[in-house]
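Shared between the two complexes below is subunit A, which pairs with subunit B and subunit C, respectively.
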Partner chain A sequence: MATERGFIGRTFGDRDDVALTLLDNMIWPILAVVLLGVLVLVPQTFRSVELIFWGAVPIGLLVLAESLCLLSGHFDLSVGSIAGFSAMFTGMILGTCPSCWSLTTNPWLGFAIILLVGSLIGLTNGVMIAKVGLNPFLQTLAFLIIFEGAKTAMQTQPVTGLPGLYTQVGGTPRLAIGVMLAAFAIAGVVLQYTSIGQGIYALGSSESSAREVGINTEQLIIVVYTVSGMLSAIAGLMLTGFTGVVPPLIGEGLVFQAFAGAVIGGISLFGGRGKITGALGGVILIQIVQSALNNSGAIGATQIQAINGLVLLLAIVLYSTQTKLRARILASGAT
Partner chain B sequence: MSLEDTATAEQHSAGEDDARTAGTPKLRVEDLTKQFGRIVAVEDVSLEVQPAEVFALVGDNGAGKSTLMNVLSGVHNPTEGQIYKDGQPVAFDNPSDARASGIETVYQDLALMNDLDIATNIFMGQFPRKRLGPLGVIDWDETYDRAEEIMMEQLGRDVDIKTEVEFLSGGQRQLVAIGRALAFDPDVIILDEPTSALSVDATRLVQDTIDQLADRGITIVIVSHNIESVLAHADRIGVLFQGSLVGIEQPAETDLESLNDLMTTGAPQGGRIDD
Partner chain C sequence: MSGAAITTVSIAGCAGGDGGDDGDGGDSGDSDSSGGTTTTGDSGGSNSLDKVGMTAYVRGGSWITAYIEAAEFYAQDQGIELDVRPNQQSAQKQVSDIREFANGDHDAILVGVWQTGAAEGAINEAIEGGTPVFATNADTSSSEIPMYVGFSNYDGGASSAEEMLNALEQQYPDKDTWRVLNVRGVQGNQSANQRSQGFLDVMAENDRVEVVTTLNGEYARDVAQSTVQEWIQANGRVDGVYSGNLSMGLGVVQALRNLDMLVPRGEDGHICLTQMDGSPEVNPLVGDGMIDAAVDQPNYFYNPIAMHYMQEYVESGMDDSVIPEVGTEVTADDLSIESGQHKGVEMWSEPIWDPGIVREQNDHPWFRTNSVVITQDNFDQPFLWGNVWG
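Now for the complex of A and B:
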């Protein structure tokens, strides 16, 4: 059959196409500018690139967890508290401190327990949202509060005496970085090359449409939250490895950085749009900013949280601007 | 003469229609009733749709056309009655059963994902796959090639297959939704309000596409409010009123006013069906 009627597709000018491409990949020019700025203003930040990446591992895993939820059109406020609770719970089982439960010293059992705890909490999040129909904000906010409280109720002192192998995963920079990069690589491949991955994009773009084309949306939501919980638990394992103990404040406040990293990395707050490579760029950006601030001596450790808040605000402003610009280009050039 | 008899008699009108309507009906609905609790949404409907026919179902709001469409597409089970496809009795427990039987439905909301490109929308949930070691992964080359083939060869549209759906106009979105239906290689496509809320140009684009699909041998069932459109493009028009089929009309033998009367009163020329 011959082509009988007009072209279907973008009819924008080259300039608009470049603008749209830039908007979809804005993390990279931003990262380049920040890198340049830090190189000039706080060059000592880059004394050890390996240390920067190592420091980025826990937040990187949390950004990945949050990114999966966001891509599916949902979000998870409890990623930080899942990381903290699962690390503390497992630490209590493995640790030898006086107030620890000390049920086993087998590090492999420890790996299994921490992953199981995180996954189970994520699974519960997913079931409550997909099956019971609870609002994701309220559900994950409730779990944030519950598991922060439960963690504190378990222990208010650092948990010590953990098996060496258990802490080595997070405590060995190259191994920890490898785990984070592998997690991003696996997530990237799953999202791009599997039906589940594309289903996550479809779910985030339009849950009702995804359902109508035959995707089991309830099941997919549960899978996403379970994986998010598991990734958060791995982040907890990495945080434990940093110091070799489980500090009582482990995981607290990290959810904001997780959001900031994902949003700066170009993951849409409304789902269906964004690349995992962009989220990785967001992680690197956040970590470089933190390292630069620490190295600059300009602010103390207690002020870091305020800076994190500013970074999150900046991310939201950038996202809002991106959305408006995109809408303007669409309105001017839609066929 | 019963409505079904009327329909059958009309099928044997002269000319080109004879060729289209000869033989086993592609779809046959016999004494179909659908109740939701005590509400009878569709009552004792019988009709036949012939191969490669464009059959329109029209009716006012609440006439039962969406319910009948949903029964044909497997969303609802009939309370009573039987559906036949190519002369064989069929039962659909869900839309997948209808799809397996060669019946595809394009819903009014089109079920498109705005953030995803045309090819991804067409193949969402049914991607071509290839082996990557022990794993089966999406074959993107095949996905884009086949999507382009569907849009170019089956729908006759030159297309940038990697364009996100949010960039498309209403008519083009409708074509992508039809393209997705075609990816399942159906012999019946049910279109729910295909020209609803479309511009004049977009409506013409969709209507032309429907005509082309029928010419290629695909049976089309259109559920529509747009009487002018179905008068111009349908081979026959079934009119539903309060859940019952009150007439099957030939476009050449009726007009807008008569159809409106039939739709709103259940009887021609303003009379009540029970008058």
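Now for the complex of A and C:
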């Protein structure tokens, strides 16, 4: 009897595990279905896969930045603004346009400056939220406005004359894609296999519980926002390389895409749940759908935004269903 | 004439604007207007134009910088105090600024509206209160304003199409069919719609042209770049690409460069490029033959022209007869914008707005300026704003 129950239990348990694993990785079967559909309906899309991924690099890095914040139970409205400000500030230092500051042409210094600027802004976000106790929404909203305004105050014209090596990172498709994939890989490993990563999940699940088990939550929040700021700055670097200049409106409006990519990829808006690989899947899904719509002769240019919105809504519905299914499976397992 | 008083109206209208582009301006707006006039009164009780409030967006790059700085230079030359306030891409902010101008000691108001209909109420209130409002670059739906000054987005698109046909004929004279891409601006933006429609309408009349698709470049350089390069990689090369503003045009150039398809006109494999707007970056590309033609706006004339008529209007006590009637063609013989030394050039010395046609749009007069086609013959001329504001 005991043996029989154990066998049945193991069988049902395994089924639950399989179901939960499928639910946790739902983005991939969805992506597979979408890819199949694109292959059938707009096959020419796959001729430009490298270009699609290249175009996805800046938003991919912002999705990663946002995902880290969401997993920790927070969020960051300022990711696009940080990307834009960091890129503009550094561009003004490196650029040779008439209104640029032109302080140096050393691209390595440029890399250091843009990363430092993004990290410092992120660090400030983290300190204000963790130490001062400001609401993440209000703090990051304030920084969104401040740094978007500061960017405009600095320059309202495209910044040109940037060093070749500085723009080459974002301007070389495979290198840029490699940077994005490396960032996702590092984040994935850290989240999965390190105490900091587990701490972020714990923090996102319950900040008070995380604190009670000895996690320094304040420090962790600051780390998360600092890394988010740094990733946003890298996104700014990639945007600069992609166009070869720093356009005056760089980074604006990207925060919505960052949220969309994370949510479509299965990152919970409420923290503590989701996989960073799923976020990558969300980025790929968004870009593939966008590119397929652009390449489709049947879809008008003015219809694309609405269809993108429907895709997002569908993803949200699917994940809402997933959450209910997950709760049901866990509940049945508990009984 | 003078001051305070009352009266009148005209209508104008327009489209909606919106916003920005990635950098260069030129598009926030809308397009057509026309109109009408009248009004009276004045806020200060005098018939002189001493202080003008101006509300416009300040972002978007060198285009908008030229548009605003030219207003400041002209006001300075004329001894007018110009109070410029950015609308921060917010219709609410613009409404608030217009109300403050009207309630303050400003003699008149200049607006480049952020959203066509949003400021209508505030504009009408200002006019009813005796402070005339003139619109430039992006029109308002208010029928009460004495005048709107701007070029026609539709005509600009049509002109770009004609330049495209010329370029295609020269580059590919033996081809039976020319495949052309249309890269349009933000969905729902009236200027984007008109620039696209003007292009498409002309193209539709030519049997040799196949507009293979319209892509949405969202008035942004990076979006246009990624969209066009992905489309061409997926669907094959085209013979020509039209872009609805300068940011998208530059994105298209970069896309072709990435695809190793960017070669000057006259050489094998050249893809004909035409676009709206010149700029410090665009003009040299035209000179190099990478871009065949760019249809440029006389943006640094918009506010001086408006202020010229504004001054006459205020000094006449809001007499609408000083505004040219609808249907009038205004030439440099009729209207002289006094030139001045600014930014190292004799600004406004070349009347590139000439001729202006006064049309009616949204029930108010629209001073529709001419546009300039930038080609290899004139790309380096000092009358192009892109060669002055770098």
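List of remarks:
Note that in this section the second predicted complex is superposed on the first by the 277 of 335 C-alpha atoms of A that agree within 3 Å, B and C clash if a C-alpha of one lies under 4 Å from a C-alpha of the other, contacts with A are read in each partner's own complex, and residues count from 1 in each chain.
Please note the rule applied: a contact is a pair of C-beta atoms (placed from the backbone, for glycine too) under 8 Å apart; a residue touches a chain by one contact, two chains touch by 3 or more.
Predicted model only: the values in this text are computed from it and were never measured.
Contact with subunit B, but none with subunit C, is seen for A:Tyr201 once the two complexes are overlaid on the shared chain.
Using the contact criterion defined above for the overlaid structures, shared-chain residue A:Val18 touches neither subunit B nor subunit C, since it reaches no partner. By the touch criterion defined above, A:Arg273 lies against subunit B but remains apart from subunit C after alignment on the C-alpha atoms of chain A. In the superposition on chain A, contact of A:Ala32 is made with neither subunit B nor subunit C.
When the shared chain is aligned, subunit B comes close enough to touch A:Val213, but subunit C does not. Using the contact criterion defined above for the overlaid structures, shared-chain residue A:Ala112 touches neither subunit B nor subunit C, since it reaches no partner. Of the two partner chains placed by the overlay, only subunit C lies in contact with A:Gly297; subunit B stays clear of it.
Of the two partner chains placed by superposition, only subunit B is touched by A:Tyr193; subunit C is not.
Within subunit A, no residue touches subunit B in one complex and subunit C in the other. Subunit A meets subunit C in the complex at residues 44-48, 51-52, 54-55, 58, 97-98, 152, 156-158, 160, 173, 239, 242-245, 247-249, 291, 294-295, 297, 300-302, 304-305. Remark: subunit A residues 1-10, 189, 192-195, 198-199, 201-202, 204-206, 208-210, 212-215, 268, 271-273, 330, 333-335 touch subunit B in the complex.
Of all residues in subunit B, only 95-96, 107, 109-116, 118, 120, 124-127, 132, 137-138, 140, 151-154, 156-163, 166-169, 172, 175-176, 180, 205, 208, 212 touch subunit A in the complex they form. In the complex of the two chains, the subunit C residues touching subunit A come out as 20-24, 58-62, 64-65, 184, 187-188, 212-216, 220-222, 225-227, 229-231, 233-235, 247, 250-251, 254, 258, 280-281, 389-390.
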